[in-house]
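Labels A, B, C and D are assigned to the chains in the order they are written; within every chain, residues are numbered from 1.
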Amino acid sequence: MTEHVATNETILVVGGGISGMTAALEAAETGKNVVLVEKNPALGGRTSQLYRYFPKMCHPVCGLEINLRRLKSNPRVRVLTLAEVTGIDGVAGDYTATVKVSPRYVNANCTACGDCARAVELEVDDPFNYNLGKHKAAYLPNAMAYPQRYVLDPAIIGTPDADKAKAACKYGAIDLDMQEETIQVRAGAVIWATGWKPYDAAKIQPYGYGRFKNVITSVEFERLADVHGPTGGKILRPSDGKEAKNVAFIQCAGSRDENHLRHCSRFCCMASLKQTHYVRENYPQDGKSTIYYIDIRAIDRFEDFYQKVRDDASVTFIKSKVARISEDKDGNPVVWGVNTEGYKRYSTPHDLVVLAVGMEPSVKGMDIPGHIVADSSGFIEADPANGAVFGAGCATNALDVNRAVQSATAAALRAIQVVNKVAKAEA
Amino acid sequence: MAKREYAFYPGCSSQKGASASNYLTSVESMCKTLDVKLTEIPDWNCCGASIGYAEAGELPRHVMNARNFALSEQHLPGQEMVATCAACWLGARETRERLTHSDTLMADTREALKEAGLQINEMPEIRHMVEVLIEDLGFDEMAKHVVRPLEGVKIAGYVGCQTNRPFGVAGESFENPMYLDKLVDMVGAEAIPEYDMKVTCCGGALAFSEPEKAQAQIKDIIESAYDHGAEMIVTPCPLCQANVEIYQGQINQRYGTKFNIPVLYYSQLMVVAYGGSAKDAALNGQVIKARKLEEIAAKPVKR
Amino acid sequence: MADIKVAAYICKGCGLGERLDTDALVKVAQKDGKVPLVKSHDFLCNADGVAMIRNDVANEGVTHIMIGACSRRAKTEAFFFPENAVARANLREGVIWIRPDTEEARETTQDMAEDYIRMGCAEVKAMTAPGGNPNTGSNKTLLVVGGGVTGMTAAVEASKAGYPVVLVEKSSALGGWGARLFKRIPIHEPFKSPADTGVADLVSQVMGDSNIKVYLNATIAKTEGAPGRFVVDVATESGATHTEDIGAILQATGFTLYDMNKLPELGAGKSPNVVDQAGLEALASEAAAKDGVIRRPSDGQPVTSVVFVQCAGQRDTTGTHLSYCSGYCCNTSVKQAMYFKDANPSVETVVVYTDLRTPGNGEDFYRSAQEKGVIFTKGKVSQVLPSGNTSTVKFHDLILDDTDATIADVDLVVLATGQVPNSGVNIEALAKPQVAGEEGEAPAEGEAVEVKPISILNLTYRQGPDVPQLTQGFTDSHFICFPYETRRTGIYTAGPVRRPMDMAQAREDATGAALKAIQALENAELGRAAHPRSGDLSFPKVRLEGCTQCKRCTVECPFGAIDEDEKRFPVFNESRCRRCGTCMGACPVRVISFENYSVNTVGAQIKAVDIPDEFSEKPRILILACENDAYPALDMAGMNHNEYSAFVRIIPIRCLGSVNTIWVTDALNAGYDGVMMMGCKSGEQYQCHFVKGSELGRVRMSKIDDTLKTLNLESERVRDLEVAITDIKRVPEMINKYAEELVAIGPSPFKGF
Amino acid sequence: MSANTAMATKYRNSFLKEVEEQVEMGDWVKMCMQCGVCAGSCPVNFQSAWEHPPQEIFMMIRAGKREEVLTSPSMWNCTSCYNCIVRCPRKLPITHIMHGLAEYAHRLGIAPKMQPTRFFSGLFWKNATKTGRVNELKLSMGLYFKDGFGAGVKEGMKMKDVALGLIKAKRLNPMELLGGHKCKDQKGIQAMLKKAYEIERSRKAAKMAG
């Protein structure tokens, strides 16, 4: 099935995380038509999976709420979820993108009442919680999900569970015959905002991620702290549900490492500094955090945040790249290394180890349609050869949220420059 | 299946009456079963080992290894070189890499080799016996020959350092290589994949020069094996084998422990599992006798 | 109100039909809500239900729609009627999902639903569909203040999008700080060597662009108006003033290096051989013009050794110097060390740092410097002692733990001092924010903290001549999600004036800010609000005949939207307004309102609630919940079926700042037992989307105690709460606890009056 | 070296340059970013601590602490386990640098005199290159008798049980003392090594000369 959904004055935004949403909304609020393509069933991306932001300790879903409200009230943005751009043809000002849309098995009739989830028995890994928990195979992706519409996991299609879901829905919202579709989107300019993925911590072998249950990643730790997460916001360690009061944060887990990621991922120092607050919030009496680092990269005003954490007696800083982690008889991860400020050896047990995993651009290894110039880390470079395909956010560099939003706003202008020329030429 | 042929580099410790002579015996027996033909490189010399560094210098060390390449090339053209000793393999492989990447070093090496009337053209690939087993034969092939599974024996796979780092066996991780555990499973014994000292250093040459430092490490290696319920330790490296086995008495004196755990080569396990006798497996070469394995070796073969 | 026709629609789907007596709800809408057209539907949000409503609008003349179904946050596509006034009674997330499905709960749940129907009907009747601000301007020209890299980038990028630009630069040439650099930090693979600055290119792009009008040696003498209709006086050196009509403004006034003379212990001012990073750029440029050899200023001998002192006067915890990190200086020292190494590898270059901060691909640049032989030493420099033509650098080597590490006979020492923003007048130091009720007198002498004397924009705004600063002089936004949200609509700042940054970031920032400025002038023309209520067509209307010239609205407006005329009446500049309603909340005589949000729309809802008598044991609690955070939290509590008391009645508000005390007193007078106000965090780490809204609301409400006293009521009857959007468990707990407390206090004495 | 010249070389490149020229893989020293993963990965570090772990040695080289580095026993603690190499985020060949530094200190004759591993290392190489193959018995005996006959007997007695065990298992042959394994072409080996030393020496001298 082929459908043309836009003219070439339209801007195509690929990726519905904070960068993509920002680029789409900023362009739409400047009067442009936008098609926003997101591969997940809901918008929000990785920031929606964070509990709090540094340095304000505010909640990412708060900004998401505003962005969703902007979106709901702006008919210029057309959102396609479960959709992936598989090809882009054409030239600046006149592209045609091929978009593969996977079946949701739930149509617009869905009221998000939840009857299907109650009817279905199968539980599957919950990617929103980085698989730390499970959810029903008929599910709302998360509490802030937009579109606010349930999804059926393909695993139940063709099973009695699917029929149960269908039978439970009073509104005819479940369509088990939905098929994958391919549609064409015409656009004058493309903003590529596919964000990042956490570096695969299992590749950092000495840290035993995957072997030791109590070694987790920083993104997973966000879910443990989040009230919407699998523990309801209690910091409990995965192996035995014990309260994790003594937490180690290991910086540069994958970053600044020629065996892994060459670049510095920029956000991880701040993320760990922030996460020490979670430990203190959970355990004000006896929570303890230790940060193992090479250089603390708390740039610009973040320095103030860093100094405040420095002043906190419950947080210890050790200048050291941790050499390895072992596990003691009680399931405590033991962190081994040397504090390089004066050569002090340590082998310290903690309740939980959090690896501040690096940022790898999602475009790395992804077949970006067209010819896009990327650097050796896989980030999209600004290059005239890219035509009117503009990188935004963490697809272009290791950025924190604030800088990603700036980048996305800038990308919106670059796209508008192209479509404005098109509009003028047509006028 | 066609016979596999390799140029064999046994190394100093595997010579008759040397500390790893039991390794050699069992490897020969194992290879017979697996239809692998090892032809000793004529007049091979010592790799220099890592411990020779004080005097070795860079070029002399590489020249020593290059001599073996030259001999292998000359006498066994086209064959890959196989070492059973971790240090031999590592030393040779390191030299091969350096020579490949440095034209100067290659030229200098050639010049020195000339003095011994030798030359290198195409350096042979350097393989460890474990690589041959895993990559060339594969576990399925190796398993076919198991006729006397080592049932009921719990064995800790101690990989050690030099077969594992910096090169390692392809597809294995530096921190948690699994091939010994797979091998233990393959011979019908019980592996301990979570054995957490499997890549801890045995102290290497420090076992000779600074025994107290090395023995502290060896103690951890053995202790953890006991903690995980191991009855034996298996290793692919002669120095690991010797260090972990022969100092147990001294460690017991030093730390008041009661260690008495046999330390074997993978090849010895395989020979017994393949139906070989205790003698084929050179079990008499154990300082700490592997009684349980001897008992199994005395049992009839299940065909 | 002429010709309004109200219709109410009650949905029976999602369990509403089973859990509630929807027939009774229909009757309530008819009888209490006095709505002539009331319909119920099994599945209101489906195509059929929506068609029914559309049909009524088209054929029955319905203008005002009350939907009793799910939350206003749900099913927004289905219930999208931009031409009509719409109110939503939240029966699903707000009633059945937060109540147990039990027989005994049925009655109170039904009471709750009926009240929400009454409230919805009352609200919608008090609304009009907003028509947009008529007082618009349509100027599309962008004013860029500052001709450095940031300003020039903004100008070029805006021009590329088709917008004319006026660029004002105070010096005699474009280029700013960037023009003083020899080379820049690389921004392309392989990130190994300093790159051409590109500034000359940029200057020629600006000069060659007929769409960009450049004023050199010029400053802004006066800025008045609003987005889409600014009028700006540009003063030139000659004394002439040129008036420009402007749509939006971008301030890119850059930074000044922190004065190294404040660092005598680091040798500054004691020898020409101790320079700051600017000094080194000058030496490098000078060298490049000659033989490429960087020379010692004192005697012109080639530099053979140089030490870079990082964080000079920065990251200072003693309060003497800058507390922040300027972020770019590590990469700059890496670059400058390469100036030496690339020219002559035997020059000794040591960088002394405490944390080396080269994020992103800067790591490659750092590595490259190491490859080139630059020595990096983790340490803290305590002293630079110049003597003759060389200096001695003393530092604490943190790795070798040597407190007396020394580098002797150094030819040149470079101090990496930081960026100090050129942000104009700190208006908040000039006039501390004043709260309602106090006459806006000038602040007492001596209260002002370090005031920069020269204004950049010379805004004629009631609230001061420049853009408010966040901290340490930077004009950054406090928002992580919305970095461009300054508190002056249509005026954006970019580059190092906003936050310390390097050239690459400044160019990105300039482009982003240019987009925001363009967006602001486009929306101003259409009479629509800017962020965060972007697209909102409502705007504040004031009934001047009732105004008492108290100035509370002009003082409190977080966005400086309201000026005063000579008679001290408020002058609303709607295009500057962000529609938070703080003015409305502040107004003691209630003359300010929005078409769809007013003292009346909320007041009517408060009054519409049925207050049971004191013997019924059914207390009533009014919750005024911020629509941005508290209301979604309550909604999500509902989605999680986190139960809370059936005695609460929740009204979403735009911001705590918009809460007019009359609502609280009216509620208490009407016999409510308690009022909970739920707003965002205020203070230094505020989370209010209107910056000061929740703070101002709180200050206002802190005075409610007096009112309670006069009413003879306990102070516990009004509760001010900070609620975050994640409080999905905490909020129900707070509600339930409060409900219990109120039972203990006893019913309000005003019931039944 | 006078105190003044010592001061003048601190944090100067002279020693770093010397290391780059004379030490195997010495040109990697400048690439260290002081993360300390090598120190933490070293097994010896956790048994009995180095005087200076590798990363500190690298910093000392950069700080010009020539004397302290070259006379340090630290490099001699290396067990060649290669943990540091595989974990180093900057891919420094740390094991080889440590060996190289040891070799250089040994070459200059300023390495710690009584360092047992230094002694053993030299012994090993001599033993191996004398006949082309290692004679394990002579090697051990050589080690025990390093401090003279009396000490050797004492050391040997300590090792008696170990040796007996090996002899019983036929993994130590007392007859090795009388000859043992060797290569046939010993002459060739000696000539080849002599040449190799010659080449290496001249290359290093050339570097020193600049």
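By definition in this document, contacts are C-beta pairs under 8 Å (C-beta built on N, C-alpha and C of every residue); 3 or more make two chains touch, one makes a residue touch a chain.
The structure presented is a predicted model; accordingly, all values stated were derived computationally and were not measured.
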item	value
Chain nearest the overall Cα centroid	A
Between B-D and C-D, the pair with more C-beta contacts	B-D
Reference chain D; chain at largest CA-centroid distance	C
Length of the line joining the C-alpha centres of chain C and chain D, rounded to whole Å	63
Centre-to-centre distance between chain D and chain B (centres being mean Cα positions), rounded to whole Å	23
Chain centre separation in whole Å, for chain B relative to chain A (CA means)	46
Shared interface positions of chain A, touching two or more other chains	206, 256, 319, 324, 340, 343
Contacts with two or more other chains, residues of chain B listed in rising order	174
Overlap residues in chain C, where contacts from two or more other chains coincide	356, 378, 399
Chain-to-chain touches, reported pairwise for every pair that qualifies	A-B, A-C, A-D, B-D, C-D
Chain D contact footprint on chain C (complex, rising order)	305, 346, 348, 350, 356, 366-367, 370-371, 373, 375-378, 397, 399-400, 402, 405-409
Contact footprint of chain D on chain B as seen in their complex	12-13, 15-22, 43-46, 48-60, 62-64, 67, 108-109, 111-118, 161-162, 165-166, 174, 200-201, 203-206, 208-210, 212-214, 216-217, 242, 246-247, 249-250, 284-287
Partner chain B, residues of chain A touching it in the complex	205-206, 208, 211, 324, 326-327
Sites on chain D touched by chain C in the complex	7-8, 10-13, 16, 30-31, 33-34, 55-56, 59-60, 62-63, 65, 90
Parts of chain A lying in touch with chain C, wherever the complex brings them together	18, 22, 25-26, 29-31, 51, 53, 56-67, 70, 72-75, 108-109, 111-113, 140, 143-144, 148, 170-171, 226-228, 232-233, 256, 262-266, 295-304, 307, 319, 340-343, 375-377, 379, 381-382, 397-399, 401-403, 405-410, 412-414, 416-417, 420-421, 424
